[in-house]
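These are the structures in question, set out in turn.
Here chain A shows up in two complexes: once beside chain B, once beside chain C.
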Partner chain A sequence: MNDNTMERVPSGINGMDEMMQGGFPFPSTILVAGSAGTGKTTFALQFLARGVKDGEQGLFFTTLSEPTQWMLRFVTNYTFLDKDSFGRQIKYVDLGPFLRKEKDPEKLLAYIDDQIADCMPQRIVIDPVSIIGSMVKTDYRMFLYDLSTHLKNWRAVTILTGEVLPSEPYPVEISYIVDAVVLLSLGLTSEGTRRKYLEILKMRGTKHTTGQHLLDVSPAGLTVTAGLR
Partner chain B sequence: MTQKTELIYHRLRNVLGSPPNVRRIFITVKAQSVTRTDIAVLRVLLTEMDQKGVYITVDRPEKHVMEILERHNLASHADVSFVAGPPQRRIVIATGVLSPAAFFDDLFLRLADPRTRPGLDQELAGMKFLMVDNLSSLAAYNGPNGIAASFGRISQFLNAYPSIRFVAVAARDSFAAVRPGALGFLDMEVDIPDDWFAV
Partner chain C sequence: MYDMAITTDVMMCPRIRHMDGKGDGAGGNRPIATEGAGQDAPQDRRGGGDIPGGGSATSITSGAMANIVAGEFARSGPNARFLFTCRFTKTMKLNVLLLHHCLRVRNEKGICVSIDRPHSYMQFALKKIDVPQDGLIFIDAISKLTGQRSEGSMVRFLADGLSLPILDDLFSRAYVAEGAERHFVKLEDLNFLLVDNVNVILQYCSMDKTRKLLSALLDMVKKYTSMRTIFVLDPGSNREIYDFLKPLCDRELSVLEDWL
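Showing the complex of A and B:
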């Protein structure tokens, strides 16, 4: 696919679209990976919030069984998301009860399909997808491949968030099946302070900026400053 | 239904209610709204105008098409057939992947072949619309020759069935790649503004 025909959607992350030719390819699946506290859920919500601003429907799947009100408390301090959009422009689905009861990956995929067909979102988040690996009784890589195929068929941009383990730079098994990998990390500056960084590791069909770039968090959400390390 | 959604339906009703000589209609929208617009077009054609037709999808599996039709109350399993399936249904669905130009060649040959299904020719003669979902994928998977060949096949089909109108929803930006091959083909091009799709 050449640049002339690839549609792109804004990421919602301040400063990021300039790093990737204007936005995420549409449709596509994006892995946003990082250790705890690096901003993965904030990234995902900011992505959905941008969709709300553009009049799009979003769908947020959580695998952590957080009730909606806990999620709303989490975003209270951010100005990028209107809480009233939860339940309307952003549909919130808790996969936790389903995962605890049903270990069959085909049934899980059918349930996800069902939720997507119900609201036909343009933006989807599964946060975090890595939990599913420990709960489905099957080849996890095959499940991820099927999940990716299903998601692409619905023609949306999907963000999968994944925990990074100490032993790996990013969730390798997920990175194979996605179109893009964005890595969020923590690092120490020369002054000894801990800062957040964003790096686009891969993005198919896109000339993207490489390397780690400073990521700031404010009430307006995440802001990446390309070129600043 | 919001006021803006009603605007969209009003425009679609006007377009789809065009005089019979307007037989090749392209509707352009932003990429993220293509599927939503497909559903709206199907709603007008199937439920409001009570028409029968053919729905060709280039890269969506049959299962997903059925889910969309059922979930949005457009058609049930009893209403739907596939190319070689039971006759006399309200909508015939044909799905293909990856190589739309070759798929179109194969599909329209099958549609024209009486061995595909007895009575298929008569059934098609009673249909009113042919929809293609979606032209952006056609542009993504084929060069200009492939796109022109696909429209050539569709033209032959429309010539064989004068009661059928062609309708396609396309992503505005990628339609630029399709338009050169479609210039000699289209009768009407309609754009729906982005802000009409606000949820």
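Showing the complex of A and C:
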């Protein structure tokens, strides 16, 4: 695959860039899907933290209405995250209050545009995007299409986290719109222990490694060992 | 005010290279260190350290980068060709800063050629920082292709992207806005032309076509106007375009990441 015209940014996930020609295409939208406890938010924060290291601005949208201090409390043990960067190099925006009042997807999009234009980030996270579907009453697919278009036109790489039940592979409506789909899953070993796995299901314009690969969690964050299943 | 600040900042900034010559390939690079002889200028500030005018990238309209741009534009003559180099992730910020400086600080009029996204995003970003856009003409080479067209009286929408016949038509006839009512502009009133975003041009056309387009653009700007031309490029990811543009430009300025 001829890649000499595509710009890429490092993912921030140890071992992952080697699986996808050096990083995420820039700009692009990436769906990171998984059930509870698979590491979606950690993935997203590690991605933003890498941006901070590279002098980039990050923007974290949460739809869960979790105050910053609570989220930081649970990620404070990770060494990849500089807590001082929150509020500065990583701007945090809670979409929850807006979503409770406003169901109009156009107004939501305008609000997101406004927040992006305010700080001009190179890395964006919406965590989780799947909740918006239950709140946006009109055409969800149309909204996702517009959202993805807007995010890329603002010249950023965006991680959209998607919640799924263990029996579901990924949120189907979102998977068609985004440029890449990364699946995080939990598997039960023969010894009865749980292991985490990462799989790049789709990545446009990229020759990527396929299949599930072991994902480890440590104070340094997520590490994927490609080839280890 | 700007002149005094610029003198100090420029002498302390290590990554500005001035290219002597007339923009036609003559001349070579002359490092700024020779101008600031005796100044202790560190070679690479990527890891941090003191940056004149403020060390952190707080506002894009202030700080070291804004002062540098002010100085360079103040000293440049008409038809000067600028090549700013920065990482591709910072292109948008730098373009906004440059347009802010031209439109708001210098109160100039000019053209922004939008080739990889609808012009409305730049409009929105400029409006966010209170940049007046009465003097800004957009040439939108992408909206018609994506179906994202929005209305605007000072916008020329191109149906087939940027092409040689279109460039000739634009500059020789000097009108913006199509339809029954055409808005004509006086090219001699325009001060700058900025291309947003040269980094992606190879995604839409071959290098051969890119050379022809950029050469034609520069020739037409010189023939019909007195505009300053501004390109922002990441040489790391666009080496071919960089090698092509470098000898054609009068000024090359390398922008450190923490200046934006």
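Heads up, the rule we're going with is that the second predicted complex is superposed on the first by the 225 of 229 C-alpha atoms of A that agree within 3 Å, B and C clash if a C-alpha of one lies under 4 Å from a C-alpha of the other, contacts with A are read in each partner's own complex, and residues count from 1 in each chain.
Keep in mind that, in the parts below, contacts are C-beta pairs under 8 Å (C-beta built on N, C-alpha and C of every residue); 3 or more make two chains touch, one makes a residue touch a chain.
Bear in mind the structure is a predicted one, so any value in this text is a computation, not a measurement.
**Q** After the alignment on chain A, I want to confirm one thing: do chain B and chain C clash, or do they fit together?
**A** In the arrangement built by aligning on chain A, the partners chain C and chain B clash.
**Q** So, does A:V52 touch the first partner chain B, the second partner chain C, both, or neither?
**A** In the superposed model, A:V52 contacts chain B only, not chain C.
**Q** May I ask you to decide whether A:M120 touches chain B, chain C, both, or neither, giving the answer as first, second, both or neither?
**A** In the superposition, A:M120 contacts both chain B and chain C.
**Q** Applying the document's definition of touch, where does A:F26 land relative to chain B and chain C: first, second, both, or neither?
**A** Touch partners of A:F26: chain B and chain C.
**Q** One more residue to check, A:E7. First (chain B), second (chain C), both or neither?
**A** Both chain B and chain C are touched by A:E7.
**Q** From the superposed pair, tell me which chain A residues show up as contacts to chain B and also as contacts to chain C.
**A** Shared contact residues on chain A (touching chain B in one complex, chain C in the other): 5-7, 9, 26, 54-57, 113-114, 117-118, 120, 122, 153-155.
**Q** Give the list of chain C residues in touch with chain A in this complex.
**A** Residues in contact with chain A: 46, 57, 60, 88-93, 96, 117-118, 121, 124-125, 128, 148, 197, 199-200, 202-203, 234, 237, 257-258.
**Q** Show which residues of chain B lie in contact with chain A when the two form their complex.
**A** Result: residues 31-36, 39, 59-61, 63-64, 67-68, 71, 136, 139-140, 171, 173-174, 176-177, 194-195, 197-199 of chain B touch chain A.
**Q** So in the complex, the part of chain A that touches chain B is made up of which residues?
**A** Answer in residue numbers: 1, 4-7, 9, 26, 52, 54-57, 88-89, 113-114, 117-118, 120, 122, 153-155.
**Q** Applying the document's contact rule, which stretches of chain A touch chain C when the two form their complex?
**A** Per the stated touch rule, the residues are 5-7, 9, 26, 54-57, 113-114, 117-118, 120, 122, 149, 153-155.
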